[in-house]
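Heads up: the structure comes next, in structure tokens.
Per-chain residue numbering starts at 1, and chain names A, B and C are given in the order in which the chains are listed.
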Amino acid sequence: MEHFINLLIRAVFLENLALAYFLGMCSYLACSKKMETAIGLGLAVVFVQTLTVPLNNILMRGLLDEGALSWLGPTFAEIDLRFLSFILFIAVIAAAVQIVEMAIDRFLPALYTSLGVFLPLIAVNCVILGGSLFMQERDYTLPESIVFGFGSGFGFAIAIVALAAIREKLSYSNVPEGLKGLGITFIVVGLMSMAFMVFSGIQL
Amino acid sequence: MSTVIGSGRPARFTFGPNERATLTDPLIANNPITVQMLGVCSALAITTRVDNAVVMSVGVILVAMIASLAVSLIRERIPTAIRIIVQLAIIASLVTVFDQVLEATFYEISLELSVFVGLIITNCMVLGRAEGYAMRHPPFPAVLDALGNALGYALILIVVAATRELLGVGKLLGFQVLPLTRDGGWYEPNGLMVLPPSALFVIGLLIWAMRTWWPSLVEKD
Amino acid sequence: MAEASTARDVNAPGYTIRFALVVCLICAAVVATAAVLLEPRQAANARLYMEKNVLIAAGLAEPGDDLSIADVDALFNRYVEARLVDLETGELVPENAVDARAFDQRAARSDPESSRPAPANKAGIHRLPERAVVYFIRRDEAVDELVLAVEGLGMWGTMYGFVSLDPDANTVRGLTYYEHRETPGLGAEVASPVWQRVWQGRKIYDDQWRARITVIKGIAGSPEDDPLHVDGLSGATVTSNAVTNLMQFWLGPHGYGPFLDRFRNGEADT
């Protein structure tokens, strides 16, 4: 249990995908002008990340790893298909996003209207693919990958909501002409990222 | 729509002012990172050293060009419903091949770049050019457009990496340029520059500089 | 008109499925060809890189030397003998039973058949391989160096390294970390030759043969006066502590300890 709490804390704060690894920066910067959109994108990321990381973990262990195909017969036991992982992961993500979009539209129309625009965008958000690639690189087990998927998605959500809050306040401040908009946003994210580095000493 | 396709057709392989604009616009005026805000993630994560930035740039240039060429060649045959996933499949295959080649040739750099090579797949710049330009243009301009954007991306990547490597460890491409106080020289390295947040500061300041130089880039609110 | 009719054809369900299949086949063929053609070179690179680091830890090569596969093979044939150790008993696996140079310790550690859960430890190690690799370095007849593989969790990910010991199985001769994800400029200094040199001459064990080597905060004394301490990495306490934990684990009773005891007593059949 302690191991999982540790993993969760690491995924949310220490290894925050947005502020420590700078993944998903494009949508992070583009969708953080307003609080509402930031919350929408954040929720969508948590949702899709918690779904796709464990799903990719199952497929990775069941199809790609060396020896994963041994149930097909002894001749398949030696096959190592890990070189297909990029393609498999992105296909799973694109498909999952599509299915989630249709499911939400059908069963939770209220949520769909608030998430609607962001769901298709997420298929090409590096946070999602990055989460699966880190999962593969660190060789997480299935329970670990569920915790990591949720934690890393949640970390991204926290980061984007925080940035949106700062940017809303920022519109009242007096920023030099050339630095307005994108420039100052980069610098704010830099400062936030430094603040998140404070967590890096924590070990549970 | 049809005029766009038509205008490109007669001058398929000539290199006139239009083609030059396709190629050079994205370098500064429409730079993917500082203006279009595409492909920012990798620009931040792998710019501690110039050699990493160069390898990453080469990867993005090759993948973007071949992907745009392939998408443009089959653009009239792609079913609209599976458009994005077909583009992603093409890009993912190219990235996988690049990753494999890197591992077979520059093994130590491939260890350092680890997952970030894979993330070229979701580099919105590559997909953005395939979807936004190559889907509607013939192969030659599509390749030029991809090359221009990828070069614009590479330019920022290398400028940021050079700044960080020079100020952070006093080196460029691994050669000591500024003698460090540790080794008896005069330069005290700025530790902040090797930490990830400095990439954000450098790009932020770069945007400021570019907008002061070319006021047309300033955002209208 | 012509465009409208192609647009309809292109979106017919049958065509969509056929198109998707063709794209999949072409992509799969390209990727598979590349993977199959490049696989031998990748495997050779990975092994070359690891063995180069064994040589660096042993002082037979310098960091930054550009060694080809042939150079590494030549040095290995001349000076290095790779063997496997049963970690629990500390006995060497008979030489002809396995090819120790081709042994993949990371694969062995992940495979439930050749590994077991690790006892509680601070080095972040969850599984232990049954067998681990050891390299005997002989410049003349007798073994004059032992190179052992160590690994453990750093701040951002697992750090992999080699440590080289004198024949007393106590004094450090050299050290490398060849794979890690530590913070550039701070924790990543574990891989710096400057820091690795301060390890030379330090002792692993106290007089009760407990693994006590510790990376401290600040600067340690000379190896003669202060043999059990090593200079800390400034600004990287987590990485420094991680190095302490993983060294104490791998050189302790659950790691190479039993083997090193045998070796010291002359019981290891080298």
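One rule holds in what follows: contacts are C-beta pairs under 8 Å (C-beta built on N, C-alpha and C of every residue); 3 or more make two chains touch, one makes a residue touch a chain.
Being a predicted model, the structure only gives us computed values, none of them experimental.
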Considering only which chains touch which, how would you classify the arrangement: line, ring, star, complete or other? complete
Could you tell me which two chains share the largest number of C-beta contact pairs? A-B
Taking each chain's centre as the mean of its C-alpha atoms, give the chain farthest from chain A. C
Distance between the CA centroids of chain B and chain C (whole Å) is 34
Centroid from C-alpha atoms only, then distance chain A to chain B, rounded to Å. What do you get? 22
With chain centres taken as the means of their Cα atoms, state the distance from chain A to chain C in Å. 30
Show the residues in chain C shared as contacts by 2 or more other chains, in ascending order. 27, 31, 34-35, 183
Multi-partner residues of chain A (at least 2 other chains): 83-84, 87
Among all residues of chain B, which ones touch two or more of the remaining chains? 85, 89, 92-93, 96, 100, 114, 195
Per the touch rule above, chain C residues touching chain A in the complex are 27-28, 31-32, 34-35, 110, 155-157, 183, 237-238
In their complex, what parts of chain B are in touch with chain A? 34, 37-41, 44-45, 84-85, 88-89, 92-93, 95-96, 99-100, 114-115, 118-119, 121-124, 127, 195-201, 203-205, 207-212, 215, 218-219, 221
Any idea which chain C residues touch chain B in the complex? 3, 6, 10-11, 15-16, 19-20, 23-24, 27, 30-31, 34-35, 38, 41-42, 45-46, 48-49, 179, 181, 183-186, 235
Parts of chain A lying in touch with chain B, wherever the complex brings them together: 20-26, 29-30, 83-84, 86-87, 90-91, 94-95, 123-126, 128-130, 133-134, 137, 176-187, 189-191, 193-194, 197
What part of chain B is in contact with chain C in the complex they form? 2, 48, 76-82, 85-86, 89-90, 92-93, 96-97, 100-101, 103-105, 107-108, 111, 114, 168-169, 191, 194-195
